[in-house]
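Read from first to last, the chains carry the letters A, B, C, D, E, F, G and H; within each, the first residue is number 1.
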């Protein structure tokens, strides 16, 4: 393995005259970029490691998932598998008996030691049918160390349900608003707050709902400002983005 | 021309023996359906005559529009020309000097004697850019004998603006809600009222607004019930439908 | 519960000096908007209550549906469940033995005491395959207190079938026209009447029918005026809108 | 040129020993397929020559059009240029002074000696705005030796206008039905006749008309049988197909 | 029932003075259009009766299909059921034991006495996977009295296979060309013949084939003239149109 | 104006017996929701006031823009007008001589006293043609008090240009990545950082770029996590969202 | 069978006087074009013969596949069946016991004697889920005589994984880059090499991935030059194109 | 600047003890990846330099284009500007008087000394309207050192025109086939050759041609193998890919 230690040793050999300049140059040239750029890339990796603990199960066999989950659990003490079927869970549970299955979110997860969870994320769902996607976002946030405040069944066709929750909504660092059909919830919420809003279209609906395209277009064209949209049904992506944003509020002040 | 009078005379000839049964039968068989079905079709026409006074100018030359407008004005004392350019207006005004031009609604209109106008229609526009379509609906309603209550600039990203108008909104017989971009206004309004709502998507917006498709899809997928949608930018169609609905509230009670 | 009575009592306490101004102000400030705006919102709710008796079953489990249906039936004496599978029906029937299942309309329904039903709605279906959506509209109308006149198998490729029914069609307060494939029925009907027409596209067809998109576009672009369109296969929405419109004809005259 | 005569001569040379087998084989191998298959391809060309007299002007410069038109007029005594601008006409008229311009159809045409024109084609247009496309079809038919019976302004929202023309419609060999917006005319007509119907969608309309896509989809999904559809605004293609079909009725009986 | 006989009798009563003119007029006015226009509509019906013998089975239950098939077989001695499943066949066979099932074409059919079949239609399929649609067209043609010449597996990527059949192709009255994927067969064939070509896109393909949309667009944009296109997978419609066209060649010469 | 003070005074009047309970109740009931909910809504407004200083000029006349700009400048000392034409600028400059025009960003802006600007936002553009949208985002950020670090011409087809900037990229609080054509830049960047990434598709490209749809889809389907997408060409929305996110890093730590 | 040998013999007969010129001419005229054009078409066939050994199994029954596979294996000693199910394999294996099944690539294959395989093709897959399509390309290349260098799991969200393989990537004659979701891999690779790149979109993804359309659009709009795109999931087509390109590098130099 | 020389010197300093190991390590860590990976990236750049001489003019001002063109001409002695307007040409010509303008291809170009051009590319265009895109490809090929053989006006609706050119077509190393409308040319050509085919859809056509989408889909779904597709109207991309492929045939044999 090429790493900082290896390069240091090689330079020391050069300094001691035990390795010629040409030989050192040749080895440097042959190193994979990843290793040459070790400092930044490694640093980058450790920054990103929260995400290497996640498996997208949908396109993998139960056996593949089981092995990946076991390896990640060992290495990181924490793992999340999205779009997991009961079969994925059954297979993985044999290798990792403490594994949990969140049926509604269609996700498997494991945490050796729970982290302290941070407040600041509000997670809203327009209707009951949006809950699987919403809970995928919720579980993602929890695994990443956040404690989302859940507000469910707050669709815009009963606007008073949204307004009743104004104090909660307006105190958030970041809001995740999940909606199918016409997808208007983020627009209404976006007009009520000054924090970032993450809009998640779901495939809930029928006919011209076009499996979530209608909701997606509604969100992209929102007349409310300060909103970012993720792929249809992408609860994980929304949770991930909310986690990155909420983390900023807990970093040291820079000004 | 075949009409009731003609048929009556023919039957009288048969009764007097001046025309044979076979000859009468043969003439009946040869009559165009329109004439045979005179009672209903004529009645139908007089019922529909409000609409024969309307010209869609966009695909016609100024000269064509001028002649049609003059003829309709003479016959009905009232005319509406939608999607009219200043050139249409200039040409038609020469033949009908009392003709008016409504710049915002891009419409020409004339009314020999204003009708009494009926209350009951509320006309809402989400943004300033939706006004041309909204005013086309408004003028259509007025020409058809209704006095719409206008509520403008009540987009959902400032939801309190909608809520401020609850008393007006909730007292309507029918609401026309015009919106572009994500088109969420009708959804929010539809959740606040028990009367029919006519949703009008506009082509206001850019990018994924897709010239009004996003707003249209939002409206068709609204989770609020009791809503009918018209074509993108079709202010005339919405005004027409609202007029038909509001008229029902003024017909004699039938129960 | 916060309601007018509660607020009146609080004000009386203030008047009697039994509650300080600050305390009253503080309680007012803390009230959910819904309660502050009680008069309008409550009134609104009772107006809307016809709709709170409806359950969209498609995205719910049989157990969830059973519990909601039972609760609504108790509270309102009346319930409608759309897109209900036999499994939904079986589960709900255990809790509410008088529940009915309308197979064609894929709907469950219950009415403790049937309302008087009002005439005025004509319900047309272009083809046999459009009947599930049409009957969903029909049942919705019936539960909401209307008695739709049904005209089935009146597609435009046999135009005489439509014309034969002219007297019925032309005496309607509102027409619901359901059609798949090219969706031309509402256009033809819209040209024959002066009442509002609700156009319902269905997903009947194949290939370029695009699961109802072709019919939808046909209806939105109709050259007949006075038409509102609902989502593909949305029989419930059409029935609901027709009920709201027909109700206007039975309200007291206002002019 | 390679033709039957040439091959016969070559074979005779082989028979006489004046050309070796290898040389003959080599020449056969080198012949273009077109020449080898002379009889059929040439015959085919003469059958097709009616179409070589047509120029699609839209993507050509006035000069290019002028030269092609002059050459075709000389060779065939007859030429049709579709999608021609006034500039195309001006340039071509200089080389061919007898050239005509059909403004409505946006076409240039010339016929040294008019052919006898055959009856049997009925050409219907739903609205005034469909006339440019309809007249392109009409002129195409005339240049190809047919005398279409024109029925204009017979849209389905005034169904009696179609029914009034039943005798004409039902006596056609082939019908060309041109319509924009919802494109329902061919469906209605197709249900009234037993002859082939050519449906021509036009780009007339706005919003969800999608520049003719709505009309096209309506026609492709027609519940009437026996209909063929052409590209949006393709009056020439429709005229051409109608001419081919009507010609069959004038060919000798084959049974 | 209102028919010619009834009207004649009424007129005779008027002639005999047994019925007043007013009473006769009143009854005429009340007659359904269908009956008033009896001569034309009935004549029209008998012209169209070939099509009333066809059932689209896809959206009907086996029982419904069985009853319709039996009734049509009795009335017309001939019936065709398209998109029929084995279950449809089993149910219908019980009521009509002589019923046949064409597996490849997914169709049921019955003919008491075969008609004489006419030559003139050439039926081409680009690939093996296009055969179900092609055979639906073939069977439709046969039931309607035509004997299509079948040319299968003649896709354009092996152009010599098309060219080998030039004599057959060029002697047709009308060609039905069926193709999926890029749908180029009709373009190539259309350039080789002077008769009408019916292009049938199929849903064969994957990915950007978009279930036949790619083939459909290819056919609508063909640079070959004289082509009409039907809906994706609509073998019945193509057969029907080809039958109508080929019949013209067997009608009496009119010139 | 209804506000806390007004309500307090009314309650004091009740306490003093100078106003009856019924009168107080009646006034409370008549208050607009906005006023009843004063604390939250007003607070909300002041939070949102940064956004009330922005005008979308595209659909407004120069005169309308000029008046709005002047009023906002007076009230807030700061204004931003997006999608502004030179004509908008000319008209507004007459009323507000200190107004600036940013040609590339197509924006007008004014700031009485510049705010201190915060670091933390990195603004990347894939190509030169993406600069108008990118600069709209940049100017938005600046007006809102942030100092974006600009990295331009860093498209993924020259990946080393992105990698050269790793230190800058990896130290950001939030990144705005603007790209047209295939829109791959945010995917690549998203894989290199652990902060939130805002992806902005532009309409740069041609053919299948579909005016930015290709870039949008690429971004929504990115395999990199933690990304939010805005509408095509919506530089303002992206700047706004980035400002909201970056502000979190400067708020007081909450943990 | 007609081939060069047959024609040579016929010409020799003519030369020997054993066959008359007329008879020879008549036989030549009757030959199918394919045979007349033998030299080129046959030559062409032998050039193309690699492709006649391939069966697209998806739309064929196991029996049909079995027979075609056996016949091709006998004639060519080599066969590839794509989109083959286990049922296809089972059926074909009975007739050809040496047949192999490549589960991941969903392909059956057989090679009597393996060819020498050529280097030069690099086969890259962005993610694990892209492997079925990638392996279809790989197997196609192998059957056609190439030895692709496989680089898997090199998606752009971990750009260092691509960069690590620069020496391999930059030494290729042609690269096949397979990716789903946003499909950015070919863009990044295309910017790093000077050889042709074949981009293969896969249907991997969900929501706005639109079954591969997003990846396809990304690839077609790549800002990297020198890239050709194939249909979604078309591993066979990509392998085939790569084989044709790589073969050029092994042909004799022509300059 | 960081390059091999710099790194060597630094290593020599380490060897000589003039620089500490820590300092060397620190400098290595800080180097931009581009410089660390110098050998490969630089080499890569020189390989790619043919493409750095190309400017996409469409989104640049005449001045910008003029300056880039002058700089590239000086550095490389060769430049190509695509999508160039006459205004671009006029501006650039002032700085580089020898600059040429290719009107049909809408391109500016300059070559100090023409390269030897290689045979092997055949460039086909279906129709006259496809020539601008085709010539963009042709000029690109010429600037890159190839001499394409042009075959124009060889659309598939006159298939003999394609077949006449079989010898030329079948001797190509690579074929570029350009077509609009239904885009069938590459399919037909692909079935006749064993070399790679590059398919270029153009936006030629109207209506359902959808600005080239129909042609694109036709090409992506071609049943001919060995074809790669580029973006609509992307003549430059096709020329570039053809050049990369043809170059392989001129590289040293590797087997």
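For this structure, a couple of remarks:
Definition applied: contacts are C-beta pairs under 8 Å (C-beta built on N, C-alpha and C of every residue); 3 or more make two chains touch, one makes a residue touch a chain.
Here the structure is a predicted model, which means the values were calculated and not measured.
Under the contact definition, chain A and chain D share the contacting chains B, C, G, H.
Taking CA atoms, the transformation carrying chain B onto chain G includes a rotation by 180°, reported to the nearest 5.
For the touching copies chain B and chain F, the fraction of interface residue numbers used by both falls below half; the interface is of the different-residue type. The chain pair from A-G, B-F or B-C that repeats the G-H interface, sharing more than half of its contact pairs by residue number, is B-C. Seen from the C-alpha centroid of chain H, the farthest chain centroid is that of C.
The mean-CA centres of chain C and chain E are about 39 angstrom from one another, to the nearest whole unit.
In this assembly, the C-alpha centroid of chain A lies 24 Å from the C-alpha centroid of chain F.
Distance between chain A and chain B, defined via averaged C-alpha coordinates, is recorded as 51 Å. Chain E and chain F, compared by their mean Cα positions, are separated by 60 Å. Annotation for chain A: residues 33, 37, 40, 163, 166, 192, 207-209, 213, 216, 220-221, 231-232 touch two or more other chains. Pairs of chains that satisfy the touch definition comprise A-B, A-C, A-F, A-G, A-H, B-C, B-D, B-E, B-F, C-D, C-E, C-F, D-E, D-G, D-H, E-G, E-H, F-G, F-H, G-H. By the touch criterion given at the top, residues 4, 7-8, 11-12, 14-15, 17, 20-21, 24-25, 28-29, 31, 33, 36-40 of chain B touch chain E in their complex. Residues of chain G touching chain F in their complex: 126-127, 155-159, 162-163, 181-184, 187-188, 190-192, 205, 207-210, 213-215, 217-224. Every residue of chain E that touches chain D in the complex is listed here, in rising order: 37, 40, 43-44, 47-48, 50-51, 54, 118-120, 163, 166-167, 170, 173-174, 191-196, 198, 216, 220-221, 225-232, 236-237, 240-241, 243-246, 248-255.
For chain D in complex with chain B, the residues that touch the partner chain are 128-129, 160-161, 163-164, 166, 204, 206-209.
Interface residues of chain B facing chain D in the complex, by the touch rule stated above, are 32-34, 37, 41, 58-60, 64, 201, 203, 211-213, 216, 231-234.
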